[in-house]
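Both complexes below contain subunit A, partnered by subunit B and then by subunit C.
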Partner chain A sequence: MNETPALALQSEFPDIVRGVARQSGAREQWRVDVSKDGVLPVLTYAKTRLGYCYLADITAVDYLSMPNPPEHRFAVVYVLRSREVAEPLVIRALVPENDAVVESVTPLWDAADWLEREVFDLFGITFHHHPNLIRILMPENFDAHPLRKDFPTEGVGYRDDFPIVTR
Partner chain B sequence: MKPHTGRPLKFASVPYDPEVPRPPVMPDPIMSRVPKPDPDSGRTIFNFGPSHPSTHGTLRLVLEVEGEMITRAWTEIGYLHTGFEKLAETLNYNQFIPLSDRMNYLSAINNNVGYAHAVEELLGIEITERCKYVRTALAEMSRIADHLVCIGMQAVDIGAYAPFLWGFARREDLYDLFESFCGARLTTSVTRIGGMLRDVPEDFVPGVRAFLDKLEETLRETDRLLTRNRIWMDRTQGIGVLSKEDALRYCVTGPVLRGSGIDHDIRKVQPYFAYDRIDFDVPIGSHGDVYDRYLVRLEEMWQSIRIIRQVLDDLPGGPINVYDNKRVLPPKEEVFTTIEGMIHHFELTMPKFGFKTEVGGQIYSCTESPCGELGFYVVSDGSGNPYRLRVRPPSFVNYAPIEHLVKGATISDVVAIIGSLNIIVGELDR
Partner chain C sequence: MKEGFLVTSVKDVIRWGQKNSLWPMSFGTACCGIEIMALLGPRFDLARFGAEASRFTPRQSDLLIVAGRVSIKMMPVLQRIYEQMPEPKWVISMGACASSGGVFNTYTLVQGVDQFIPVDVYVPGCPPRPEALIDAVMEIQQIIDQGDVTIAQFKAFAKTRNPAPGQPLLQVERGPRG
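Here is the complex of A and B:
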């Protein structure tokens, strides 16, 4: 059964897990919503006990302009993969805008290093205890987080910030 | 208007004015983090990239070397950051397909089918049997093209020129086949949501069969040239070793993971398209070095030949696209000749119309691209555009262990290691 790992997490962490939901579409993909303080214990349990030894992805979603948004603005999404179960397990932690800090999972996987740096770079979500949390794709002196929904796609005039070199 | 004199234009010269403030110099982001080596230690710092010919793109490594041995490395990526994920939020689901080509331009079809697969899973569209088989065949052909380039480039970086030329000759044949199918060679954009651009042409199947026979000969020649070649073995064996534990810690995918001896392939673990009905093996290495990754790629091409032959044997008939005019673009003949087809086309492509999606629907869907696991995390908000489209790029995750891999290697090994990871910078930076 595909929902077994999700339900196991819910029964193991009743205070942290906020809900278990089936992702949309034809596939039997289950998503576990956790509170943002419980990311590290839930992922440690999933890695050591449930066999989700493989971190496929870390990403984030900005729900600012969603028609029916969840209670917080951001969500950090972890996709875990197991060697036995075909379907990946999706773990989502909702993160409020004024306290956008999540515990880093770099102690569990070194792959989280760059993936968390990318989320920090493009969404401005900070990862606590990350060894080297700096921008990875945008230049270091860039002052915005482009994948946030309030970052305009046109007319921002970043091109004008760079001086015209006359020689 | 003044008559054209045929002489070059004169440019107004701007005199140098010391009063005009100079633009601020942007600080070098890596160099501020790199500690200055102790002058007595004999260590030096130097730059590898961003425009080094062997990186095949723009990525930068700063290496601290002692003699010729690398003691530490720092990386900087992002030179080709294009903002595809942000751009996707302003395009509808079909309009993103040409952008997916541009991410990994060496295996564009794998990106096309991976993206279309993700959106079809989000919308719950079940594609036709013929489409599944055609997509499988095209994805495997694209995998062969990618691996031929990867092995050829790696060989030419190390100094063997012939495999590069022979591989590229076969890649040209492959691109001729792609051209006969969709009109484009490199950036193909073959898929549509719910099907393909069109059905394969009449001479496609015999053309692919003839190509596979030629490819077998090339693979045998490449094998004879490289596998037992003393220089090739010396340059690649024991270089860039990624142990099993490290491969799992860094969560690498694709041939890099399988070269380290872990049997993990999305085509087997979570079969999509026609892979569950096809008999093929997943090659794995044992040492995790550059040589094993080369062997894995070579064997994967043989397996791809096996897959394509089976697909062509069992290629089912019937329509290639789902007949669902509310969600799948109607065929072009219908659009140009009937009023219903045209209305359906406009309803799908005009802004404020388009796909009817679920509010808050989200899915993670992945396929096995030549570099590794290519995942798409799609979030829909009820409109015809994706609310958020995350690409899980295999190159990005596979490149992350580079600072670990080059430690203890020599500078010439860096070239071999980068080649063996098969980094496509368009996908690395997106």
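Here is the complex of A and C:
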């Protein structure tokens, strides 16, 4: 495996990988853009063949009101780490707003369970075939996704909506 | 009459006992909780005010110290803890977050616990020094000393603890299997 892992992914999945970029600066690392339907095969290949056995994080980005937004509003970002190299590998799947569904990676890593629940809770992106996709941080009766950029920072009244206990 | 008598009223004795044996229940959810630890420790030593018996259960406490941020998920818990405390009870809202939300003007954070539970004394600071909390406890002692409601509350409390003869101390409902 002399090839760069990001380029190996690109040559292995030419239909799925949309682009490969070398991020510069303090976070110098490879980022692989994939289509949202190809998340599971790409991550399976990265785990089983490229040695990225550790799922460090799953998070999401809302590109609403960004100056130069990509083609879709959301992105689900997977950060993978390997025992062989110190550098992480970032895999980004752009997700459209009207079809915000991504295949779950819980078959690959059990750690993805809570990470995907967090993304679902805060961004409203659903994960197909997730074993238990319910809210993890916000209360059960909360019906918004607060890390979306169109959600107001002060909220929509939940923090003022409690019974008043008197003496 | 021999020597060694002291004449006073029952009211004063009860108040004297209450204010010098406050049992705090610290509801520490953030860095203010660290200051409470210092307060209970030897350097600041809340035992000098008779309030060192921190129980961490609301049912044996009469002073609730709300210390730190209270999120929308924690507020029902705090209300339940307040309601579980036996009368008479007092509440200190410690620090900027518990009193007003502090710097966290966000969707998850209750902007002051006094909106939803009664508060007797506020402590400013972020976090307040233990000396400020000692001052608040002394303020509570003054409230107890001057208060009128505590006697009625004490009688109501005593009634629950001294049932009529023949009645069990605690009414426990039992299921079909005993």
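Just so it is clear, the second predicted complex is superposed on the first by the 151 of 167 C-alpha atoms of A that agree within 3 Å, B and C clash if a C-alpha of one lies under 4 Å from a C-alpha of the other, contacts with A are read in each partner's own complex, and residues count from 1 in each chain.
Just so it is clear, contacts are C-beta pairs under 8 Å (C-beta built on N, C-alpha and C of every residue); 3 or more make two chains touch, one makes a residue touch a chain.
No experiment lies behind these values; they were computed from the predicted model shown.
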Message: Is A:146 touching anything from subunit B or subunit C once the two structures are fitted on A? First, second, both or neither.
response: both
Message: Of the two partners subunit B and subunit C, which one touches more residues belonging to subunit A?
response: B
- prompt: With the two structures laid over each other on chain A, which partner does A:138 touch: subunit B (first), subunit C (second), both, or neither?
  reply: both
Task: Kindly list the residues of subunit A that each of subunit B and subunit C touches, one partner per complex.
output: 138-139, 146, 151, 153, 162-163, 165-167
- line: subunit B contacts subunit A in the complex at 14, 16, 20, 23-24, 26-27, 29, 77-78, 81, 83, 85-86, 89-90, 121-124, 126, 248-252, 264, 269-270, 358-366, 373, 375, 377, 379-382, 387-388, 390, 392, 396-397, 400-401, 429-430
Query: Which part of subunit A faces subunit B closely enough to touch in the complex?
result: 23-27, 29, 31, 53-57, 59, 61-62, 65-68, 77, 79, 83, 86-88, 90, 109-111, 113-115, 118, 122, 134-141, 146-147, 151, 153, 162-163, 165-167
- request: Under the touch definition given earlier, write down the residues of subunit A that touch subunit C in their complex.
  value: 138-139, 146, 151-156, 158-160, 162-167
- request: Could you please specify the touching residues of subunit C with respect to subunit A in the complex?
  value: 72-73, 75-76, 79, 82-83, 105-111, 115-118
